[in-house]
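Think of it as A, B, C and D in the order they're written, each chain with its own count starting at 1.
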């Protein structure tokens, strides 16, 4: 993977229109991000911030805290959009995989995930995500994205 | 981690009442598993099967397929309950971490996750999950659980 | 990632000459596989078996068991060659990432890693590895490979 | 995992004698760290720095760069010792798992891994590792440690 750009290069390729479109897309009623309550708060070069406010339907029945799946879904969404504003318009970015450590439980309030693009090559990108609630880090993730041409080309 | 049991030992400690309780818990209206549509189909010794049927609110706005967060949440739920029927009643099982590869996209139908307990020690367990849709494996995961006394003891 | 082949397709593309070359390459004195003692035992379609025999220099000073880094290196080698016999000659296969759970410690004897290609697409492959010693599974891994043209094309 | 300490708490429990012992242990001739050339450069509270200088026996035969297993082993060693200076003397720290992304290849010079303890609970710790060569990040890892009583207690 010699075809990598450094962090300085991330800003050069940042497309604010794509960033704005990602924020709009999350608001589409009836689809998953809005259904779960995910909001794209900020989209900066190489850094994306998503959040959700805990609601009763995020809670796990037995233990009474936020279900791990809610945090995993927030991490997945953050990963999936972190690279889009940095690549040539029209390219597709697929989440290949991620790994997530849960560090603490969440009861209420806002859960905020910040994704940082650690490396962006022509085809492969690596993003780290930190998830925070009430001033504490509650999860840490690291994932891999794959940049490709859309199907049919 | 020399304190591990082999697979043969898993059946000996299986508690069908706990397995039944986990299936009931997922049905509690207003909480996350029911909100997302997760059903605990089967709970066998060392093997748990969870599923959900794709609904419009599982779809990601831009690409029109099931959002990766739905699959991640299904994996998380499967992991989180796989070990409970195998440990002493009253113990808590926390999901420490997991890693998930996405292998293909899902458009419709039933998504089914099968979790297999690969190793169960006194404190640490490892579970693998295979996720299937329409006859194809769409995700593969591997996660770590931690068995502990409940808070306050 | 709709461009994936199923397991049946793996056998069709298997190149026994590449498999044989990989076995030879590991024997080159003075380079890492031979230095660590890694042997490529078998290379079958979609399935690769590597092993090493524990030597004093594999041991960790404090605890007296095989160092985790030896097992990690064996897993990495198994991953790195599992896909080569399945792709068009001349392509490069880069290990993008892997995740490894240690399940038990190793004191002596042969450590054997079996890598199974779970999915092979045009560009991205997923491989699982099971590591065994003295009849017990001692590590489980899951990794991602990226198939690319060699540099300069 | 409510039983976690914050980063400020890490310094309070730092034991410089343990840190020194870890540096000495890596120098023991005939065992794995010295065999591979791993040096523990620095052990500070919550932060450990290990390195190795590339030698011909670290190279992979076919491609002519440092074998991924060398980097994986360096990461494993860094993970395995990062938490020891922070826990009660006599406790054992086992590496449960880690995940590693390769970001670039290495040809020569010094490879340096810095491990940062992100969370330390009574039983479970999470450590991130960044690996650098010639001014570039060449690998990123995230792993889980388990703090336990030694066998027999």
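Simple rule for what comes next: a residue touches a chain if its C-beta (ideal position, glycine included) is under 8 Å from a C-beta of that chain, and two chains touch if they have at least 3 such contacts.
These numbers come from a predicted model, not from an experiment.
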| item | value |
| --- | --- |
| Interface copy of A-B among B-C, A-C or C-D, judged by whether over half of the contact pairs recur | C-D |
| A-D or B-D, whichever has more C-beta pairs in contact | A-D |
| Rounded Å distance, chain A centre to chain D centre (Cα mean) | 28 |
| Whole-Å gap between the CA centroids of chain B and chain D | 31 |
| Chain C, residues touching no fewer than two other chains | 1-2, 94, 96-97, 99, 101-102, 126, 144 |
| Interface residues, chain C side, partner chain A - complex | 1-2, 94, 96-97, 99, 123-124, 126, 144, 146, 148, 151 |
| Chain C contact footprint on chain D (complex, rising order) | 25-26, 28, 30-33, 35-36, 56-63, 66-70, 72-77, 80, 92, 94-102 |
| Chain C-facing residues of chain B, complex | 1-2, 4, 6, 99, 101-105, 118-119, 126, 128, 136-137, 140-142, 144 |
